[in-house]
């Protein structure tokens, strides 16, 4: 699993590749998000286009990250959910919690 | 596993891809060789460059094929052994039985 | 035969005894409670679901359910004590895939689990694994084993049967 | 502890009892005698040898040895009777990988096997599996089990130990 970060108009986009599952993968997400928030980057957009698998620990990590960023006065939003990731967020009612986007520029604009 | 056959100066070269192991793979080799011999193609050169795995059944199939072709007045030779296939033929003393080549044109010329 | 009678028969089966005729293929494994085995279990689950005839989509959710159950067996059941074993058994027949995941722990009472869909629980970081298993599998039971330990049995029926 | 004493200890271990402390990781499986499982066993062997710390080259020959032993267990030991089980156990410790493959057959007497390297046997289509196992593994024993059945135990030492 790898996370690349880039900055677009003040929004930090995290391009995530691989899977978000129990173990190292979840820990990497947690640490990356916490690091960004600490350094003042609080407008976060996770691009999940290349995430093949998410398990319940991964969903939990997304939720924790969401809460942590919100607590620090920022926002964490999701971009390009795969069909499977969308399904997991739908059945857990988390689509009602997360802002999700299919278009990157619309997503970036939503932080303004 | 797949076998492509081509004809070079009267020699039928079998380009084998995949592995030569117990089950369908060995059966495919057997049937292909027997079919070629039946149709009169008895100068056979097996190109093993793309064979990743050979097991004892696979070695047995090479030996059976060798004997069958020889019995019918033809010859079966081997081209481009991988390091691993060569090792198996070495420890089973079959390098003393098979003619093996590293160069295709030399191999083809040897049938003349 | 009811499901619970079937389970009883399974349990009484001695190791090494032939499998019941109704199962065409059977594969089981057991390993020390180390999370490092999860990926291997996942690979195996993928091969077995393919063998059973499920398509990629169905296979994905079955394997996720196995993954969740094995993670729970390792973490909650066996408390990551590597000396304690997790067992996984797959049984394939023409109509379905039956999977059991067992551990050497004390189990839990499903009725006492908080509902992850309650609005008060939506932002909790955990508590969705058992829910996933129920969502994606056709028939799920959690039960303590008479000889000690705990087991989840889950079934997925092949679509082409009615 | 000699090898045979160690084996005796292994056998007496009850299912579900913690593994001996000396093994850091343990994985075992069992399946009906269908040649269809061979590729799955091979994949699993590859994952386990990697976990144990062997490089690609060593892993290839270890997995070939497992493959030969499992093919023999299915074909010769259990005569492809799907109701009969084949068992495979991997035990990893710091110094070595110990693998056992068991079946429910009557076994064979190794000393009666023809030598595949005898000039009269070179062109035989079979009889090289056991020879491969001996060639590629460090320590190999074939033995009947007291409770019935047959087992091959093979060990591969990690190179960095002396």
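Brief remarks on what is shown
Per-chain residue numbering starts at 1, and chain names A, B, C and D are given in the order in which the chains are listed.
The working rule: contacts are C-beta pairs under 8 Å (C-beta built on N, C-alpha and C of every residue); 3 or more make two chains touch, one makes a residue touch a chain.
A quick note: this is a predicted structure, and the numbers were derived from the prediction, not measured.
In the absence of subunit C, chains linked through touching fall into A | B, D. Graph distance from subunit C to subunit D, where chains that touch are one step apart, equals 1.
If each chain is reduced to the centroid of its CA atoms, subunit B and subunit D end up 30 Å from each other. For this pair, subunit A with subunit D, the centres built from the Cα atoms lie 46 Å apart. In subunit A, no position touches at least two other chains. Not a single residue in subunit C touches at least two other chains. Pairs of chains in mutual contact: A-C, B-D, C-D. Subunit C makes touch with subunit D in their complex at residues 15-16, 18-19, 21, 24-32, 34, 36-37, 39-40, 43-44, 47-48, 51, 81-85, 104, 147-149. Subunit A contributes residues 21-23, 53, 55-57, 59-61, 63-64, 66-67, 84, 88, 91-94, 96-97 to its touches with subunit C in the complex. Across the complex, subunit A is touched by residues 35, 38, 60, 64, 67-68, 71, 116-117, 122-126, 128-129, 131-132, 135 of subunit C.
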